[in-house]
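Several structures are given next for inspection.
You will see subunit A twice below: alongside subunit B first, and alongside subunit C after that.
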Partner chain A sequence: MTTLDPTVEGALPETEAAGRGNHPPGTFRVCATTGLTVDLAAEKFIKINAVFAVVFLLLGGIAALLLALTRWSAVHLLNAEWYYRMTTFHGLNMLILWILFMEIGILYFAATALLKSRLASVKAGWAGFACMAVGAIMLDAVILAGKADVMMTSYVPLRAHPTFYLAIILVAVGTLIGVINFLATVYIAKRDKTYSGSVPLVVFGAITAAIIAVSTLLHGAGIMIPTFLWSIDVIDHVDPAAYRLVWWGLGHQSQQVNVAAMVSVWYLLGTLTVGAKVLNQGVSRTAFLLYILFINLASAHHLLVDPGVSAGWKIWNTSYAMYLAVLASMIHGYTVPAAVEVALRKQGHTKGLFGWLGAAPWKNPGFSGFFLSLLIFGFIGGITGVTLGTEQINIIAHNTLRIPGHFHATVVGGTSLAFMALAYYVVPLIFRREFPLRWMCRAQPYVFAAGIVLMSLGMSFAGSYGVSRRSWDVEASGALHPVSYDPSVHVWLGVLGIGGSLAFVGLLMFVVPTVLAVFFGKRVEAKMPAW
Partner chain B sequence: MSIESPAKNWLHAPTGTERAWIGLALLWCIVLTLAMPYWHFKGKQNSTGEAYTVEPTRFADRVQQFVDSNKVGEVNGTPIAEPPPGGDAYLQAQMWRFYPVLQFKKGQTYRLHISSLDIQHGFAVLPINMNFQVLPGYDHVLTITPTMAGEFPILCNEFCGIGHHQMTGRIIVTE
Partner chain C sequence: MSESNDPPVHWLERMLDNTWLLLALGVLIPAISYTLWGLLELANLKAATLP
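Take a look at the complex of A and B:
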């Protein structure tokens, strides 16, 4: 077996011996670093999706800083109107746009490069991208115009301009086209026998993400289409409880898409950075399967304090289904670091129980970002998630700052950080550009992770004193009946503000070198320079 | 290697520490799964979701009736209503206030009906920190027994427009 660590000389797979898949001549290149075949059409889509993703990350990041500086009660930067507008803007740009554009890029990469296949349809690639891009721009425009201050959840009957719902539908349709294009590519790769045996694990994870994504997007259509029709007065009523039920079929499952995509990226980066080998394919694949089987029902944890759904329904759905998906994450949380350990021990780092960990390539942002993502997701995100998802604790935590405290550890410290770590390989390998400011890249995962962890703690502690999320003024000044909190909440809101600002710095430390590399970076002619 | 097709016959039962970990994790998941229903019966604070559909205007009428026949005072221009022990209490949420102020006796049990006249709101009681969702068209019934005397601020915790952070109310519990 070969290792695939591009930083180790002469350790590449035999490129000559490798099959060339189903690419027509002249439509692919062979990566000098990894030996993978890169389909040129897919490469173009990976690039534009990644560029769009980073643009929305930056937009969402600017809003994030403004929000953090507003929730920091001593600063209280924005006025109420712009705070609510920026909350809507931040949620959608980050959770929907940054994440989805990245994921489509990852799917295209997995199906073409890892399966040695051409992309199923270039036209569908463009159609999907165009829908997503147009929808995204419409979405941001209508929010900034002040016509859609409804939060990303847009719970009916709070009403936004019809453009808002139409834009979301467009983004969803575009994503669905991309996902189907991915699945079609997997199909033609199998048909053309571009690989033998089973698909690689990373592709298996990507297929998992894609299958959940189809279900997610169908729920999205199921609720956003009636809501759009209601916004243009074709339908006169959308039931608020039904809306919440179906919307969370979208909102929760999409998080499972993110988890499956993130775990796939963990496996991928484990291989790319230290040459980690999967310990037991059966175990890792079964764990992915659990996500598909058991996740939709867990959407119920968003309705734990809702009227109209019985306690039996709430308990059954959250306990039975959620915990088997939790089991899946606990399995990956073991197998991924274990594979890293085995790989590092094989390379001779055998001292003591944790000698391998000390010897890991901590200066490689692809590795540190991936490993910090694993730690933050597993320890902070996982533990808070399981806690908040129980019936009684949810009564205490629902809609308090504990909730964003939880998901900034999952989808930001976890998924987003893993995607950033991936970019440290995507830019040299796909854009074939060298990163400038390499010291900044090396420090970036630590700064971002520290900021997010601090912010998440600040949110969680403030929230446990009852401070609401999505609220401009903790003091409720001017309200008919005054409210007051334990004074320590202001300390925690300060931690939120400082952590958030630090995370914003970490975000810029990612965006700036990435943009410089993509547009002005030195071309990578042969192998990518080692991190 | 995670990016190559695995060797044939890759399906093996886990062994060694991996097997131990999976067993432990599974056991923990089973404990959690059992803990939730167990605590539903053992714990004293549950979310049963009891609710009835109701037209917002009809709900407003009931609230007014409740206030008219149970008014015991006024605070900041809002009437205070105290239901008889064991009786029904009504709380109306709307942009951006809760109506009326409720007064309860410690240790008595009440059925608290909450609904919204316009959009979705949240019902958060501070500082004990209980949170429930309030939807228009649904009469959400919470069976409550106050265990402490005092004044408890109510706060809307679901975004409901520009005045959201000023949407507050009050529950008074007397000895």
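Take a look at the complex of A and C:
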């Protein structure tokens, strides 16, 4: 492993010059591996958020396996009722709970360890966490009780038990408290001059994620509060078109929080794994600025076939504005591997055009996980996303399996894999526990990535033949008019099922060593053992 | 009054260092371009007439 190079510029603070910031005595420790100052209160929150995140990842993963084995038409495991229940459960556990708990942990790490600052408010930290945890448990309970088979989008007039909406509001409020606590920590760090100049790039990326999260959560409140009131008959009507518009301000924007957090994790892991330096601060920060300004407008591509909004609204929000955010992703997709290349060439791996790539630490799951995440996000997720965000193509692909084929490449192959890669450093550095089963950890990113790629391609190709998303029965048996697809869709649905099963094996290969490490792992007394 | 010898900071860098300005822009731009504009269009839809 390459430990933190004290000359690293920008991605992380220069550790040699690190003071102790604004920490009162006895409230911090110095990491023996990185030299970073770790606030003990923040460390507690990072740990507890990470543990909850992994629990919800496992729950969502079990649901994913059941769904994959149902969409695989030759198996068709679940009945219709449990299929839609598991679709709801899977979406919320994976897209909301696993990701949000992990992101709050990342925000607290970035604001405290990288800015040498104490956490702004421990009480707010507990309040936010309590809201999120109670909301999450309520949410899973009400879904499993069969009172909320409305899927993640819960489009009105589908109506769930009021607990469902209340639980989502609680999770959103808790997350907002966490985000405000993060921004307050950034503020006090600047006020107390715990750093000089600009914040490190990873913190800037985290600020970007936090800003997008504020917009996301305001939209969430804007639609979930009236829907909750409707569910308890306080108001008699929620307009379905307005619901869709505001809900996607929550549903899509929350995934843009993931993008910003994931890119920050790429920069962080580039530094932690090979000592990569940011090539150009201005370029990378401007790319994050493009996210802040434009990425949320892309929510409009969910409404490209909605009749209520005009062509002007659709074209402006999904073309001109969205492409500026796509440009930002392309910039990061270039600068991150370029920084890795420069770092490896400086270490002497100069043979040919790609000698550096072969010499990269592919046995380090922190590196392989982040680099595979970058490739899957960029090539499969990015290309499918841009095409689906085009009005002419969207009208063909809307509500087909091509859509989940796209977002499983971005959110699972991209964000989830990057967060898993990060965990290979979080556990030894923050929990200070060694990973057991290291061979399994080394293989895990490859197994998970292969599964997700297969599943995503299976979905995308089946969807290209017109197979609808979220449909329990691909044959639509019993329908008034017979529905027939090209027989080859069953091959692609089989690829989906095999890929989903393989990805679940990859998920278990992550969860088992992580749980064993956290609860039974050998204590890391000094420096983290090299991967 | 002493004069500072620090080189002037580029306006883009000052903007990138201003978290609160970025927060305001990040909330206002989607609120106006996506949400308010979209809701305004929906609010002004004429009721469909029966064929």
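One rule holds in what follows: the second predicted complex is superposed on the first by the 515 of 531 C-alpha atoms of A that agree within 3 Å, B and C clash if a C-alpha of one lies under 4 Å from a C-alpha of the other, contacts with A are read in each partner's own complex, and residues count from 1 in each chain.
Please note the rule applied: a contact is a pair of C-beta atoms (placed from the backbone, for glycine too) under 8 Å apart; a residue touches a chain by one contact, two chains touch by 3 or more.
Because the structure is a prediction, the values reported are computed rather than measured.
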item	value
First (subunit B), second (subunit C), both or neither touched by A:186	second
Partner chain(s) touched by A:200 [first = subunit B, second = subunit C, both, neither]	first
Which of subunit B and subunit C A:309 touches, first, second, both or neither	both
Subunit B versus subunit C as contact partner of A:74, first or second or both or neither	neither
Which superposed partner A:212 touches (first subunit B, second subunit C, both, neither)	second
Which of subunit B and subunit C A:145 touches, first, second, both or neither	neither
Dominant contact partner of subunit A by residue count, subunit C or subunit B	B
Which of subunit B and subunit C A:292 touches, first, second, both or neither	second
First (subunit B), second (subunit C), both or neither touched by A:394	first
Subunit B versus subunit C as contact partner of A:246, first or second or both or neither	second
On subunit A, the residue positions that both subunit B and subunit C contact, one per complex	198-199, 239, 241, 282, 303, 308-310, 313
In the complex, subunit A residues that touch subunit C	183, 186-187, 198-199, 204, 207-208, 211-212, 214-215, 218-219, 222, 239, 241-242, 245-246, 249, 253, 282, 285-286, 289, 292-294, 296-297, 299-300, 303, 308-310, 313, 316-317, 321
Interfacial residue positions of subunit C with respect to subunit A in the complex	12-13, 15-17, 19, 22-23, 25-27, 29-31, 33-35, 37-39, 41-42, 45
Interface residues, subunit A side, partner subunit B - complex	1, 4, 36, 80-81, 84, 87, 114, 149-151, 155-158, 195-202, 239-241, 244, 267-268, 270-271, 276-283, 303-311, 313-315, 318-320, 323-324, 326-327, 330-331, 334-335, 338, 386, 390-392, 394-400, 464-466, 468-474, 476-486
Residues of subunit B touching subunit A in the complex	1-8, 10-15, 17-18, 21-22, 25-26, 28-30, 32-33, 35-37, 39-40, 43, 45-51, 75-78, 97, 101, 118-120, 122, 124, 126-127, 129-141, 153-155, 157-162, 164-170
